[in-house]
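One chain, chain A, links the two complexes that follow: it is found with chain B in the first and with chain C in the second.
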Partner chain A sequence: MHSFGYRANALLTFAVTILAFICAIASFSDNFSKQTPSAQIQLFRSLILLDSDVCGGKPVKILNINWFQKQPHGNDEVSLTLNITADLQSLYTWNTKQVFAFVAAEYETSKNSLNQVSLWDAIIPEKEHAKFWIQISNKYRFIDQGHNLRGKDFNLTLHWHVMPKTGKMFADKIVMSGYRLPDAYR
Partner chain B sequence: MDWQGQKLVEQLMQILLVISGVVAVAVGYATESFRTMMLIYAAGAVLATLITVPNWPFYNRHPLKWLDPSEAEKHPKPQVVVSSKKKFSKR
Partner chain C sequence: MGYIGETVDSIKSIKIRQLLTQAVTLGMIVTSALIIWKALMCVTGTESPVVVVLSGSMEPGFKRGDILFLHMTKEPIRAGEIVVFSVDGREIPIVHRAIKVHERKNTKEVDVLTKGDNNDIDDIGLYAEGQMWLHRHHIMGRAVGFLPYVGWVTIIMTEKPIIKYILIGALGLLVITSKD
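This part shows the complex of A and B:
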């Protein structure tokens, strides 16, 4: 501590070490927040041969299946209109930079035990925008590896990643089941 | 800066930085604001820099007592004697 440079160096090093501790504590405090997110995804029943009794009691409903075709190369493709209602506000803490949410369709085929196709995603930087209602057709194409989609039962899962300002990222999901594709192309 | 001053500076620096860190986390968590935490810590770090890095006079209250030059002349430095018997020779 005998010279200016020595003291300045010692102070800078110690200050950065304490800064690292502060950020670790901030990240650790995220474990104590209570999270109660909720979501619903709806599809219309009017145009599809859905089992209306099955879907009636469940919170998840598919809005509309726009078209369902077989591509020239042989893969099935579906276009859906989704009505997504979600309240992710309780996920936000003081250490949250943004929440990345996406909806994926999950189903099983003879070739793959789990297929996950991402249909829509969004980056939500502010807590106020995390409670939303949106009606859109799927942002990304729902294409199967093969032609297994006729009459297929599938789940729509809302995944989210809570991205922090410093530290650990938390990810979780809500699985909504009970959706079914038509038995024939249209 | 003298020895006592250096010890004081080291202690002050550590205490000031740790306290700013603790206060920053506490206030930031209570106000749910990450920005507040960073600002308080930055202010604390700047304060610690201003207090400990420059060579303030109050760090020099126990100055070292160097030997007076007139005293030093009375006691000349001992000379190193090189003896010829101790010459190292190869055979």
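This part shows the complex of A and C:
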């Protein structure tokens, strides 16, 4: 009853139980943090280009915005410059490892009830970096399934995923609507 | 030396009834573990409610050796969710984030493109030949929670199977020689 094996077994079981309990409590404590994030996104120049089918062809890059090109089998592609201001500092708790933030353009077309295209994302490991201002062009290509983007109204949504040190992950978003693409290709 | 002598003595002195009792106890332990696993599968709605992260493609969020808890509901897949999917022809499931979602109006079918946080390019290279999008039936679950480091046990046992055999052998010996 008091051999080394029994003692080691009892100790290990106890340690694992306590560890699991601590992880659960840490995750549970995340429910109590008050979160008040804020964000603002401004759109700068935007170009719409016709892209040849995503599978193989090269996209048409237009530097001069007064350009119109027509291709028979193409999907619309947009290039945007975004100006993002956000304050996500209130999302951080002692159990937060990082916050993954991304901006997605969301719109509806005749064929698709919802399209979500991620334009930019960032990993923010520290609270100090969570209040930021950044002006970039889209990190990921904004390509539609079809030719539906002319004159299209769309929302820009800032999503964030809080990834904890242990336990449950939280996600939420701010929807900013009222953005519109130009009526003609440029 | 004395310990080995004791072990050998105890093996010699096993009686049939005692052996059977121990075998039944072992069977009970194994079956209750199986019951818990199947119940978890039912509750979370996925075939594998817990997966181990095998690659570094989601660092620094998920490192190799972390375990993820999965859940699958009928809710539609949305951008930003961390999904676990398997590609036709590959066994190992991949844990990446959905960055593009196109949902059809009438059928509610969905095209999803994924990318690992730590990768520079999206996952088109990982999909099957000619496949541009993931569909719902490829996706096994969404990650909802995680525990760090616990998955190393599984990784070590898979990559060095000799350790698995040693462990099972030692456990078997312990069960047989215990006097309970």
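Heads up, the rule we're going with is that the second predicted complex is superposed on the first by the 155 of 186 C-alpha atoms of A that agree within 3 Å, B and C clash if a C-alpha of one lies under 4 Å from a C-alpha of the other, contacts with A are read in each partner's own complex, and residues count from 1 in each chain.
Operating definition for what follows: a contact is a pair of C-beta atoms (placed from the backbone, for glycine too) under 8 Å apart; a residue touches a chain by one contact, two chains touch by 3 or more.
All values derive from a computational prediction rather than experimental measurement.
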Touching partner for A:Ala104 - first (chain B), second (chain C), both, neither: second
Looking at chain A, does chain B or chain C touch a larger number of its residues? C
Once chain A of both complexes is superposed, is A:Lys165 in touch with chain B (first), chain C (second), both, or neither? both
For A:Ser177, decide between first (touching chain B), second (touching chain C), both and neither. neither
Check whether A:Asn95 is in contact with chain B, with chain C, with both or with neither, and answer first, second, both or neither. first
Between chain B (first) and chain C (second), which, if any, makes contact with A:Gln135: first, second, both or neither? neither
Using the touch definition from the top, say if A:Ile18 reaches chain B (first), chain C (second), both or neither. first
Footprint overlap on chain A, comparing chain B with chain C: 165
Residues of chain B touching chain A in their complex? 1, 5-7, 9-10, 13-14, 17-18, 20-21, 24-25, 28-29, 32-34, 37, 41, 45, 48-49, 52-55
In the complex with chain C, residue positions of chain A that touch it: 5, 23, 27, 54-55, 97-98, 100, 102, 104, 110-118, 121, 123, 125, 140, 145, 159, 161, 163-169, 171, 173
In the complex formed with chain A, which residues of chain C make contact? 60-62, 76, 78-82, 97, 99-105, 108, 111, 117, 122, 132, 143-148, 174
Please output the residues of chain A touching chain B within their complex, sorted ascending. 1-2, 4, 7-8, 10-11, 14-15, 18-19, 21-22, 25-26, 29, 93-95, 165
